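We call the chains A, B, C and D, going by the order they appear; numbering starts again at 1 in every chain.
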Amino acid sequence: MSDTAPKESVPYELRVSPEDAFDASIGLVVDDADEIGRCVGHVPVRPGVCQPMGIVHGGVYAAIAETLASMGTARGVLPEGGVPLGMSNNTSFLRPVSEGAVHGVGIAIHRGRMSWVWDVEMRDDEGRLCATSRVTIAVRDHGPR
Amino acid sequence: MSDTAPKESVPYELRVSPEDAFDASIGLVVDDADEIGRCVGHVPVRPGVCQPMGIVHGGVYAAIAETLASMGTARGVLPEGGVPLGMSNNTSFLRPVSEGAVHGVGIAIHRGRMSWVWDVEMRDDEGRLCATSRVTIAVRDHGPR
Amino acid sequence: MSDTAPKESVPYELRVSPEDAFDASIGLVVDDADEIGRCVGHVPVRPGVCQPMGIVHGGVYAAIAETLASMGTARGVLPEGGVPLGMSNNTSFLRPVSEGAVHGVGIAIHRGRMSWVWDVEMRDDEGRLCATSRVTIAVRDHGPR
Amino acid sequence: MSDTAPKESVPYELRVSPEDAFDASIGLVVDDADEIGRCVGHVPVRPGVCQPMGIVHGGVYAAIAETLASMGTARGVLPEGGVPLGMSNNTSFLRPVSEGAVHGVGIAIHRGRMSWVWDVEMRDDEGRLCATSRVTIAVRDHGPR
């Protein structure tokens, strides 16, 4: 099989301090996360998360969804020896946001042994749906420590 | 129909200075863009584009793809009175990257009057495919100035 | 722009009798459809909708979702002079089905002037989620009659 | 974890005769398949694969892509004890087809130990790109026989 195959077991250790990592750079605040498939967070709108037309960049919605799904999966699988690994992120953009915050709520619609599948809805301050993501997170075994 | 309907014609003007915008915050460099469906760029890997495990955050791949597809579409449609508006971004993660740069090449596989569809491949310094995105950009009319 | 551009206005007329068309060949029954974004249907499981391992073929879930979303959009936009045109169909397979029926419920999460976006959930006879689709349907103008 | 988790090892045996199965009902002919990630097939256009407007139903494109990706993955992994299991199918519709045949070419862009990722392009008789799919196939272990 291909030499590009991901390792079945992966090391899981922190290599970048959270305050230096990407989530901090977009100002993502995780407000809540449980181990059974719910994770909530928000990103305040400011120029650094927008594209030049002054609306939130599409990559920011995808990033919010990716983090909420990954973190939620981690909460569920790390205690059982699993490690989350993002497989795919499908984001649809429904309504531009230019002020306030983007509020994301992720719900796991499938929690399998090999993968979790999440729906993440992102809304503006008025509660209007602005973007929605389906994120698939593979669950792999811990590598040796 | 829904009051959440996007306006058919949209204003297109710069409201955020490029050096303050999201692309700059992830260090995205657009290396080349033409008006017939090709756009190339890269992001150097550093802590600010990684998640805490030290690999590039999934949202960063989605963001690279979104920008290349949007910018490439803009090059093609702005001269004819069109405005690009991101509709969806489907990104698959194939291989983690932890050093060097992520190099993206976007190709428009469909250039319609109402939408352009892009494939964006992202590779590491060794040329290995690390992520791939399909991005759909709607084309709307300029709004009144 | 590309000569492959879809026409902005499209003719909308029946050219294939419904009983000869694809939906009939998979036994799709539309149980309910309104004009504000809800469409429900089901497909009884039989060999003709399965792959050789005896489980429902992935294309059948995608087809159910595509029809429910298209038909639901048609109900909403035809009276106002719009024509639905499928743009994309993203289906995730969560649980194999080998007996009973596949029951689909489609809900429009976005009803815009230019496109409608649907979530379609497909469940087995026990109500377990087996597949889920996000379908984007473009809305174009009627062509001349 | 969830009781809906797919089994890590799955039985792989024929339960439906290929001539009674879904692929036969849409007239899918697999023209070529190798074990290193290429699979080719076509579907002749006739009323039974169309929607009532007389164009090929979106679910048929998704089905072609799903079969080519599954069959191609099977060729590669069955000899090594793996079983293909469809995870997701993302299809974009670019150009309607109403006559001739739909010709699909699937290429595996990633062949990992746990999953294969395919791009499937579908063209009309004139070679124009009409639909394109990204299909992710999980690779599971054979169950006990």
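Note that a residue touches a chain if its C-beta (ideal position, glycine included) is under 8 Å from a C-beta of that chain, and two chains touch if they have at least 3 such contacts.
A quick note: this is a predicted structure, and the numbers were derived from the prediction, not measured.
K.L.:
When chain C meets its copy chain D, do both sides use mostly the same residue numbers (more than half shared) or mostly different ones?
P.N.:
same
K.L.:
When I count C-beta pairs in contact, which pair ends up with more: A-D or B-D?
P.N.:
Ranking A-D and B-D by C-beta contacts puts A-D first.
K.L.:
Averaging over Cα atoms per chain, report the distance between chain B and chain D in Å.
P.N.:
So the centroids are 28 Å from each other.
K.L.:
Roughly how far is chain C from chain D, going centre to centre by Cα mean, in whole Å?
P.N.:
Going by mean C-alpha positions, chain C sits 19 Å from chain D.
K.L.:
Where does chain C touch two or more other chains at once, residue-wise?
P.N.:
4, 6, 87-88, 90, 92, 94-95, 110, 112, 129, 136
K.L.:
Write out the stretch or stretches of chain D touching chain A in their complex.
P.N.:
Residues 1-2, 4-6, 8, 76-77, 80, 87-88, 90, 110-115, 136, 138, 140.
K.L.:
Going by the contact rule set out above, which residues of chain B touch chain A in the complex?
P.N.:
For this pair, the touching residues of chain B are 4, 6, 12-18, 20-23, 25-26, 47-54, 57-60, 62-67, 70, 85-96, 98, 128-129.
K.L.:
Which of the residues in chain C end up touching chain A in this complex?
P.N.:
Checking each residue of chain C against chain A gives 90, 92, 94-95, 109-110, 112, 117, 119, 129, 132, 134, 136.
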